[in-house]
Amino acid sequence: MAEIGGALINSKAQQFSAEVISNKRVGAYNHMVFAVNELAHHCRPGNFVAVLVGGASSSMVLRRAFAIYRASLRSDGVGLLELVVAANGNGSKWLAAQLPGSFVDLIAPLGTAFGIPTEPVNALLVGGGYGSAPLFALAEILKGRGCRVDMVLGASVAGKIYAPLEGKRSVNSLTITTEDASAGISGRVSDVLPDLIREHKVDVIYSCGPMAMLEAITKISQSHEILHQCSVEESMACGIGVCMTCVLPVEGDDGITRMTRSCIEGPVMDGNKVLWGHSREIPEGVWGR
Amino acid sequence: MAEIGGALINSKAQQFSAEVISNKRVGAYNHMVFAVNELAHHCRPGNFVAVLVGGASSSMVLRRAFAIYRASLRSDGVGLLELVVAANGNGSKWLAAQLPGSFVDLIAPLGTAFGIPTEPVNALLVGGGYGSAPLFALAEILKGRGCRVDMVLGASVAGKIYAPLEGKRSVNSLTITTEDASAGISGRVSDVLPDLIREHKVDVIYSCGPMAMLEAITKISQSHEILHQCSVEESMACGIGVCMTCVLPVEGDDGITRMTRSCIEGPVMDGNKVLWGHSREIPEGVWGR
Amino acid sequence: MSFNYSTSLAGAFFANPIFTASGCAGSGKELAHFFPLSSLGAVVTKSIMIKPRSGRATPRMAETPSGMLNSIGLQGPGIDIFLENDIPWLRDQGARIIVSIAGESVEEYAVLSRKLRNVPGISAVEVNISCPNVENRGQVFACNPDTAAAAIAAARRNIGGELPIIAKLSPDVTDIVAIAGSVIDAGADGLALINTLLGMVIDTNSMLPRLSQKTGGLSGPAIRPIAVRAIYQVRAVYPKIPIVGMGGVTSGRDAFELVLAGANAVSVGTATFGDPMAVIQIKNELEELCSIRGFTSFSDAVGFAHRNGGQ
Amino acid sequence: MSFNYSTSLAGAFFANPIFTASGCAGSGKELAHFFPLSSLGAVVTKSIMIKPRSGRATPRMAETPSGMLNSIGLQGPGIDIFLENDIPWLRDQGARIIVSIAGESVEEYAVLSRKLRNVPGISAVEVNISCPNVENRGQVFACNPDTAAAAIAAARRNIGGELPIIAKLSPDVTDIVAIAGSVIDAGADGLALINTLLGMVIDTNSMLPRLSQKTGGLSGPAIRPIAVRAIYQVRAVYPKIPIVGMGGVTSGRDAFELVLAGANAVSVGTATFGDPMAVIQIKNELEELCSIRGFTSFSDAVGFAHRNGGQ
C-alpha cells in the first residue's frame, strides 16, 4: 500500500514566497498559517516544507524542515499551508517570530507522504511532541476511507502535546502519555501500544516523532507483525536530495541495505525496513561499507 | 577652540537597546527616531552612534556608524536620538527597514564633537549628502552663541540633499549645489565656497561629507587661512578605538604625523592637519613608516 | 550589444561559466525538476570512486556561521553503475558533463581514468585529490606536492589526450601555489579551487564532536575570502592556467569576485542547499553584472583584479 | 556549590579564563570605560614591535560573511614607549597582563624578549610568529617548523626562566600539529591557537582587491570551526600543553566549544568590535554553562570532548 520511493517524488515541489497569515502560540508551539498558491493542493500528509530562515544577511545557510500540518486550497485559489513550529534553535526561533504580514521563502511539498490504504483498515496513529502535526490530516483522510483511527500522542510534559480540538474530532480514540504524568497516562507511547494494538485490532501504525520513539514503535510493530509507516527526522542540509546528509540505513526491496536519503525516499518510510539505532556508525552489511 | 583629542572622549558612551519611535522616508534617506535614556543629554553635534545590524544570527559582525542628527531629552526623561540613514549596503538597508516598535542596539555618543567657539564668529557649514545630518544641530548651537551661520549643501542629485524645513530656520543663508543641476547651483560645494567665504567673512568652516569633498574644502580653507573642522568618514570596524582600522594621517600638535584613529580622535578633526588623499599608501614622513 | 558569456577550459567549451560543485548536486537528477540542466555551463558530478561506498556514519553535517561542515565520505554507487545510469541520463538532458573522480591510492586514480577515457559526452574530468591516501598514513593527496602530482600523473597517463584534467586542490596547505605548480607539471590542464577547509564543531550539549567523523569540510560564504585569496595567488603566478573557482558563492556578485580574482568558471555548492535555483540566479546575475561593468566578453573579466598589479 | 573558575598557564595564574585577543583591545584603555579590566582573566596587548610602526595603508578592513579581514600591519608605538606608558597603566588597573610581541627577524624576537625579562607585573608573553620573516623572502615564521622554532627559541633564551612563553600559531599550514611540536621543542610553555587565516575580498565596484595590502587576516565566527579543529588536533597529541584558544568566539557557548576541544583559556577578538561588553558577557555565560553542565572546576571542562576518544 505504501508508495514509498519512486521517480515522481518532489515533482510538484515549488519555491514560493509565502505571506504569514497567522501565528499563534499553542502550548509549547507556534501554529503558523501561510498563504501559498495551488501548491497547497499537492501537499499530502507526511510531506514537508523547507523554510529559508534568518532573512537577508542571515548567517544560517541551510533551510529548516517542517512537517505540513494542514494544507488546503480556498475557492479563490489561495492555498493555506499550516505548520506547527517548536522554537528550539536560532532558525526555528526566527520562524516562530515572524509576524503576520511578513513573507517567508519556502519549498513544498517535499518528500514522501503516508501511504493511504485502498481498503478500510484499523490504523493507529502515534505522535511524539510536534510529531503529531502531520497525523491529523492523515486521520481525516483515513476516516474518509472508512478506516478506524485511534491516536496516541506522547511528550515529556503536557505543554508539548499538540492536539487541537478540531483534530481530535477525526479520531475514534485519543490516548495521551506524558513522562512527567502532567497529562494522560504516565510514561511513553510505547508503554500503551501493545494493549491498543490488541484492543483495536490494529493493521497499520503511522508514526511521527523522535527517532528513539520510532525505534521503540518498530520493535512493537515487528513483534506484532503489523505494518509501520513512520516519518523520520534526520538533519537535512538541502531537503531535496542533493547533499546526502540525511541518510539512514534502510533495507531495499532487493534485500540490500543502503544509506538512504530521508528527504527524498522519506521522511515517510517503512519503519520495519529501517535499521534503527545506528547513528555514529555504519552497520555491518550496508552496501559499500 | 576645538577640543579635539583628550582623555575624556567616549566617557559618556553607553550601550543601549533603543526602540524605534519613527522611521520616515525623506528623499533618498530615512529619518529615524530612537527612544534612549539620558545618554541623549550627552550627545554633541559631530558625535556618532554605532549600531548593531542584522538582528540575531546576522552574518554582519561589525557595527555601522551614523552621525547623530539630533538628540534631545524630554522632560519625562526619555531621550530622543535622530539619525539620517542612507540605505546603501546590507547593514544600512536593514536599519532603514526597522519599523517603529522594534529595538536596535546602539552605542552613543562616540567620538569627538565639533568645537564651539567661545566668542561669536562667522561660520560656514558645508555638508555633502547625508553629511548635512550633524550640521543642523550645530547650526542651532552656533546661532545661540551669536554666530553668523551660512550653510552649503551639495549632492549628486536633488534627492540626496537632506535639508528639512526646521533645519533651515537656524541658518542665515542656505546654498544648494547639485552635480546634475536638479536643484540649486549646478556643480560642487567647492565651486561656491570661495565666494561665500569672502562675502560672509567666514572665520571657520565646519564640514561633513565624502572624503574627496573634505579634501577639496581643505584646499580652500588653507588658501584662505581659515579654520576648518571636518567630520571624516573612514571605514570603522569597532568605533571605540581598539581595532586601528579607521586611521588616516594627521599632523599632531608636536608636528609629527601619525596614523590617527578617526573613531576616537575623530570623526571631527582639524581638516588643515589631515594629509588628504593618501588612501592605499602611507605618506612619507609618517611616524613609524 | 550582445555579451559573449561562453568560457573554455583547456579546449573544452561551455556556453556559460556557472557549474554545479561536485557533491552538491548529485548527478543532476534532483535539480532537473527545478530547471533544465542544459541551462548550466556544466554539471560537475559527485566524486565517484571505483566501488560502491556507503559514506560515513551520521551525523554528517553541522551548520556553522555562514557555512556548514560535511563529512559525507563520498557515498556513491561506484564508477560502473555511475557510467551505466547517470552519464547516459545526463547526456539525454543535453547537459555538459564534468565527471569528478576520487581515489584512495594512485592506482585507483589510474583505474578510474581508464574507465572514463572512451566515454562519450564528457567535457572534462575533475580530479578530487582531497582524499586520504591509504598508502601514506591517510594523508590527503592534495596536502603534499608529490602525492598530489602522483595522483594527477596517473590520471593524465590513463585518460588519453582528449579529455582535459582539472585538479581540485585543498586550501588546507601552507603554500597552495606550490601544489598548483606541482600538479600543473604533472599534467593538469586546469585547476579547481577550492575544496572545503577542515573544521570541527563540538556539540555543547553532548560535549562531543558533532560529526561522527569528528572533523568535516567547511564550505559556504564563510570561506569565500579564502577561495578568492587562493584563486588570486595562483592566477598571479600562472596567468594562463584555466581555473574553476568555488567557495561560498551565493550570488552573481560573489561569482564576479572569484572571476575578477582569476576564475574562468565558477562552481556553486552549498548555496544550492539553501536555494535549489541558486545556480540559475547566479548565472543570470553574473551575466548582468559583467555587462553593467562594461565587459562585452566574459573572458575579459577573468582575472581583471590583477591589472596594474592589483592596485 | 561554588565553581572554581580559575585557570593557569604554565604556572601563571588567572582568576578566570577569558582574555582579550591581541590586537582587538589595544592596551585596554578604550575598553576600561566599559568595564574594569581587572574583571578579565587577562588583557593580551596588541603585538608590539621594537620600533614605532605606522601600520599598513588604508583600507585596512573588509567585512565578510560572519567575519572580517584586517591588515592593520601591527601599528604601534614600539616596545620602549609601550613599556613606559601602557604597562604601568595596566598594572594600576589591577589587570593581569600578557604582552604580545612580534618581530621581523629572529634577532628582533630576542631583543623584545630581553626588554621584557625584568618588567614587573607581566604574567606571560605571547609570541606572535604570524609575521613575515624579512630574512626568508617574507615567509611567515609560523608557516615553517624551523623558523617558528627559531623565533621561539630566541624568545626562550632571552626571557629568563620565570615568564611563560605562549607561541601563537597560524592556521595557514598543512600540519599545525607539526608546528606545535616544533615550537614546544624550542621551549614554548604554551600555545595560542589560532591567528587569522589569509583571505582576500575584491571590491566588485572598483574590481580591485579591497584592502591596500590585497590580502588580510580572516577572523570572526566564520573561522570558529577551524579554531576548534586546530585546538582539538593539538590537544589530542599534547594532552598537557597549555592552550589559549581563540577564533570566532562571540558567546559563552562558543567559548565552551573551544574549552571542550582543549583550550585552557579563551581570547575574544572580533566579537569586541561588535560589542565592547562581549568579553564580559562571554565570561559570565561560560561560567554559567560550565556549572549547568555539572562542572565544579573550570579545569575539568578543558578538553572534555576528548573523553572516550571523542565518540
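By letter and in written order, the chains are A, B, C and D; residue numbering begins at 1 in each of them.
Keep this in mind: contacts are C-beta pairs under 8 Å (C-beta built on N, C-alpha and C of every residue); 3 or more make two chains touch, one makes a residue touch a chain.
What you are looking at is a predicted structure, and each value in this text was computed from that prediction instead of being measured.
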Partner chains that chain A and chain C have in common: B, D
Of all other chains, the one whose Cα centre sits farthest from chain D: A
Pair joined by the larger number of C-beta contacts - B-D, B-C: B-D
Where chain B and chain D are represented by their mean Cα positions, the distance between them in whole Å: 35
Distance from chain B to chain A - Cα centre to Cα centre, in angstrom: 55
Distance from chain C to chain B - Cα centre to Cα centre, in angstrom: 47
Approximate Å spacing (C-alpha centroids) for the pair chain C, chain D: 34
Overlap residues in chain B, where contacts from two or more other chains coincide: 59-60, 280
Multi-partner residues of chain C (at least 2 other chains): 65-67, 212, 220-221, 311
Category of the chain touch graph - line, ring, star, complete, other: complete
Complex contacts: residues of chain C adjacent to chain B: 65-66, 221, 311
In the complex, chain A residues that touch chain D: 59, 280
Complex contact set, residues of chain A against chain C: 10-11, 13, 15, 52, 59-63, 105, 107, 234-235, 237-245, 247-248, 258-259, 264, 278-282, 286-289
Touch list for chain C against partner chain D, complex: 64-67, 69, 143-144, 172-175, 197-202, 204, 207-209, 212, 214-215, 218, 220-226, 228-229, 232, 248, 253, 256-257, 260-261, 289, 293, 304-305, 307, 310-311
Residue ranges of chain C touching chain A (in the complex, touch as defined): 23-26, 29-31, 33-34, 46, 51-61, 63, 65-68, 70, 72, 75-78, 212, 220-221, 250, 270-277
